[in-house]
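The same subunit A turns up in both complexes below, where it pairs with subunit B and then with subunit C.
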Partner chain A sequence: MAGTPNGTPLLQVTDLVKYFPVKAGALQRVVNHVRAVDGVTFTLARGQTLGLVGESGCGKTTLARVILRLIPATSGQVTFEGREVLKVPADVLRQLRREMQVIFQDPFSSLNPRMKVGSIVAEPLSIHTAMSRTERLRRVEELLEVVGLAGRDATRYPHEFSGGQRQRIGIARALVLNPKLIVCDEPVSALDVSIQSQILNLLNRLQKSYGLTYIFIAHGLHVIKHVSDRVAVMYLGKLVEETEADVLFEGPLHPYTRALVAAIPVPDPAARKIRAALQGDVPSPINPPPGCRFHTRCTEALPQCSQTEPPLVQVSAGHRVACHLYHGA
Partner chain B sequence: MKLELAQREVNGSRNARSWRTILLGNGQLMAGVFIFALVMAVALFADGLALRPYDAMDLGNRLQPPGTGGPLGTDQFGRDLFSRVVYGSRIALRVGLIVVTIETVLGVTMGLFAGYYGGWVDRVIASVTDVTWALPPIVLALAIVTALGPSLNNVIIAIALVSWAGYARLIRTKTQGLKNMPFVEAARALGESDLSIMFRYILPNTFGLVIVLATLSLPGAILSTTALSFLGLGSQPPAPDWGVILNEGIRHLYDAPWISVFPGLAIVCTALGFNLLGEGLRDVLDPRMKV
Partner chain C sequence: MSDRLLEIEDLRTYFHTLEGTLPAVDGISLHVDRGETLCVVGESGCGKSVTALSIMRLVPMPPGRYVSGKINLAGRDLLRLSKEDMRRTRGREVAMIFQEPMVSLNPVHTVGRQIAEAIQLHNGVGAREAMKQAVDALRMVRVPDPHLRVREFPHQMSGGMRQRAMIAMALSCRPKLLIADEPTTALDVTVQAQILELIRSLKHEVGMAMMLITHDLGVVAEMAQRVVVMYAGKVVEEGPVDAIFGEPLHPYTRGLLRSIPRLDQPRGPLAVIRGTVPSPLRFPSGCRFHERDPDALEVCRQKAPPLIDRGGHKVACWRHTPDVQEVV
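Right, the complex of A and B next:
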């Protein structure tokens, strides 16, 4: 599992758990928990992209926020270059913030409407560096050009830009401190399809020129396909399959992954593919089904699926699946 | 290349022109600016405008109607009412601005902390604001002034102390909404400190609300202080406070109504002017209106 080309992995997530308490009654007692992230383990090598995919509400965004320590974890470990992200004191965390950045889903609400673009992009520099105003401005203009905007756009307000342009501003802000890891939280799902590919190409280009590592979150595999080296499929707070992107698209193992792969649109009107469409809704993460969490919607469920939970085990080199169909017996 | 230059020119001139169009095209704002400028000018140049000192009595010319005894007539001591109302604008503006400044700073800070931190900070601040809110403001102000002794400064303190709660509540609610916005989360992901997030990210996004609140409460502050002066707790008699003049006019409401009418009109005009100004400013200051 740890066999990565560049030695130690950049990011290691171990048994990460995040429960949100559900309070009720006059005394606001905790009556239950939303199991948003329930024991997630993976490693991410330098310069790679991990695509994280799953339906809405499966905990992808929560996972990202816990990894970045924007919200506290319930338990588990996140190790970034040997440092415990979830335990380090405030000053080390500040240092870590330089190296881990995030691009948000909604380009309309993720930029402060009261700040000019130049200030938005320069903000990380004023927090973390001792650069002078002119140095910051030069760096901002340089970055705006890198992401495909014009240097003079620095003096304009976010509302003067389109969605795709705003997302470019968000990317420039994430990039300005030369981070090592960027968490892209559904960066294209709020954009038009024609703009999506532009942004994806930009992200790919930036990864090559700056040696970035991405965690790329999306709710559909067709976006993931363009950017990922490895793909992790998440269902109700748990990883159900994780492997190389090529392997996943060629031969998905978990029934859930197979349904997702089958749902990728085929650009050929003649290809009448029989789709293994998913039936039903995602069960509530407050009381997830016992056993395998997917068994309520699985077409191939075995008797033991509703009783024992399948662990995420390696079935071949670098390919992990949590499904009874592939567990020896 | 040529096209790009032309485009830039269009953008540049549009920005300059749109600013002027927005400012001049906003009738409310222009009316508010006009009244505000008028009141400010009267207050600033009171010494030049006034015909006589505000406390110069002329017992031979008591209760003269407007026209014969000066532009606005005279009061029961023969003092020139025009001069008194003109000087009164100084008191009203000073008191109003001081009260609004104190309650804005106090209320906005409390609201920001309560809304941003939540938890026990929120519970403490919320219960203080609720208690303040639950008591009738004038009664509470009366109690404070009675405890401190009647004077204009004590009235300012009292009015500010009873009226900040409204700001705190609204800013708290607004902050609770804003602190979950992705751009605030982005700021935290960048390592921005709590104070910086509160005052540089959240506060500027509440300016529209603060400006409206401030202009809406400025006439309120002037009204409350004049009310307390009217009751004899604020400015003391020879002072040309509009509330004091109103009070003095009460006894002559039938034979010399102008004594009460003109300070009353002054209060109404000032209040209206600040309301129009605030509403206009809110529209203009929202950057989204600029397109």
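Right, the complex of A and C next:
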């Protein structure tokens, strides 16, 4: 497929769906579904970073969790190096888990406060490998140094560290099993501005030295632009646009992507502009609007937008858009 | 009459805890002119929110304590007002909106009732009239169907709508100064843009001044006329927005501006400010930024630099202090 160099993709996601049941009444009958992820298809090449953007509630975190099989999918396929992530038996899944890791947003709640840093980072090793205590300790110290902490920090507790340092601990834990894919779920949004760039540089350096592949979830678009090779834009459970990062930011096609890009605050007082290109809020994913889910907020909606849902189709090499404006042209 | 609305002089707000004294705000001076937008920028723990709470006299005491200073609002020192006078001042003279509207709104009362309560309290009108004004207030913040929305509870509204309701409540008594503490940080970019746009136009309609607290330099560039940069409880730089972005003087401001990824910048390593934000329990000696500044001088380690005025652009940095040689 276009836009995926380096041979076969590491990850292939096909028509992935995740509905959460909405229960009501004394019998807790299923009355509806939250369509968190509704037919998502993309591929991710080895060593690349896919940025996943969208407003809160668009399903980006759910998508990541379903891909990692942390929650079951409703339907669809996830292929990781030829293995069906959603179907493999428990022993293969164990191996897959070593290869797919995750870094969370909040470095304050994702580290067990009662465990020493050394044990936190070593935990995956004790679960997945037969390493001895000393081997584990050596590996932990090595990794703490890789992420910019000191080996002796292994004997300290998480509360002794600042937010940025805790995020480094989370990164060390994610790296300890030599994974191939790391899902970074808003890894810098809880950090101070002066610390964000340290962590972004660290993630970038680690990607180069270990050949890592990232799925990078963030709502800060300037961060996404900085880290991503390709960017996928989600709206109410659907991908609306997917292409190379530079293309997306220089020539966004989908009206939603255009609004997102226009809404980015630019740190330059000379570039002041009217940013509020988009009116209203994101509709509920329980009863998403018919047709194109974005048509209720779209300034360029055509008559068919409220009736037929536009498929995600390729409009140029490696650039997919789901919008009637670009179809049949 | 001068156009100075708020003037803070040498404010020190400390917190006394079991671990020691936290000088959260440690001798800051700043001002806001009538109708002006001042942005206060800084990272967590720099004292920007405590400054806002000090103006509102909402710092919990104990453990908090005003150690020194004056907060003059329209000629009166807020720190000397009685509790009763301060209650009347809040809302009518100065109002505040917070980052997370869900926390600041009462979940068991309708939005309309909460707005009406503030109006009744400050304007002395009856319940029916107050509710009518609450509908007007929601209309003013562009909430669709305000007569229906007044009957909703906070949880029935989206984050953007709740923030609008908060703004409606804050503006219902037409304050002279609005303090907004990270008002859009919890919102999505598209909604953030809407809310900033709203705040900007309301500011003109109501003719109030605003103190906007944020860590987002993009928001600052968009909203501010003047900027105050805080670090570790102190003001390190202050100036017109164009000067702060065009010719930042303090190494911290320069580092901040360089470290944010820009859309027009190619990928590659970002500039960083080394080290971490210091804890208020252990602020470094001398200039509190010196440990993170690769070009720190000897004097930076020993003495705190004064805030020097260089033609309306103030900076607290020894390298910009004319008589630094004499000091050394």
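Heads up, the rule we're going with is that the second predicted complex is superposed on the first by the 324 of 329 C-alpha atoms of A that agree within 3 Å, B and C clash if a C-alpha of one lies under 4 Å from a C-alpha of the other, contacts with A are read in each partner's own complex, and residues count from 1 in each chain.
Throughout what follows, a residue touches a chain if its C-beta (ideal position, glycine included) is under 8 Å from a C-beta of that chain, and two chains touch if they have at least 3 such contacts.
Computed from a predicted structure; not experimentally measured.
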item	value
Subunit B and subunit C placed together on subunit A: clash or fit?	fit
Of subunit C and subunit B, partner touching more subunit A residues	C
First, second, both or neither for A:127, with subunit B first and subunit C second	first
Which of subunit B and subunit C A:325 touches, first, second, both or neither	neither
Contacts of A:137 with subunit B and subunit C, given as first, second, both or neither	neither
First, second, both or neither for A:110, with subunit B first and subunit C second	first
Subunit B versus subunit C as contact partner of A:56, first or second or both or neither	second
Subunit B versus subunit C as contact partner of A:88, first or second or both or neither	neither
Smallest separation of CA atoms, subunit C relative to subunit B, angstrom	8
Subunit B - residues contacting subunit A, complex	181-183, 185-192, 201, 204-205, 207, 287-288, 290-291
Contact set on subunit A toward subunit B in their complex	65, 68, 70, 93-94, 97-98, 100-102, 104-106, 109-115, 123-124, 127-128, 157, 159-160, 170, 173
Residues on subunit C engaged by subunit A in the complex (per definition of touch)	43-44, 158-161, 188-194, 196-197, 215-222, 224, 241-242, 245, 255-257, 259-263, 265, 267, 269-274, 276-277
Residues of subunit A that touch subunit C when the two form their complex	55-56, 162-165, 192-198, 200-201, 204-205, 219, 221-223, 225-227, 249, 259-260, 262-272, 274-279, 281-282
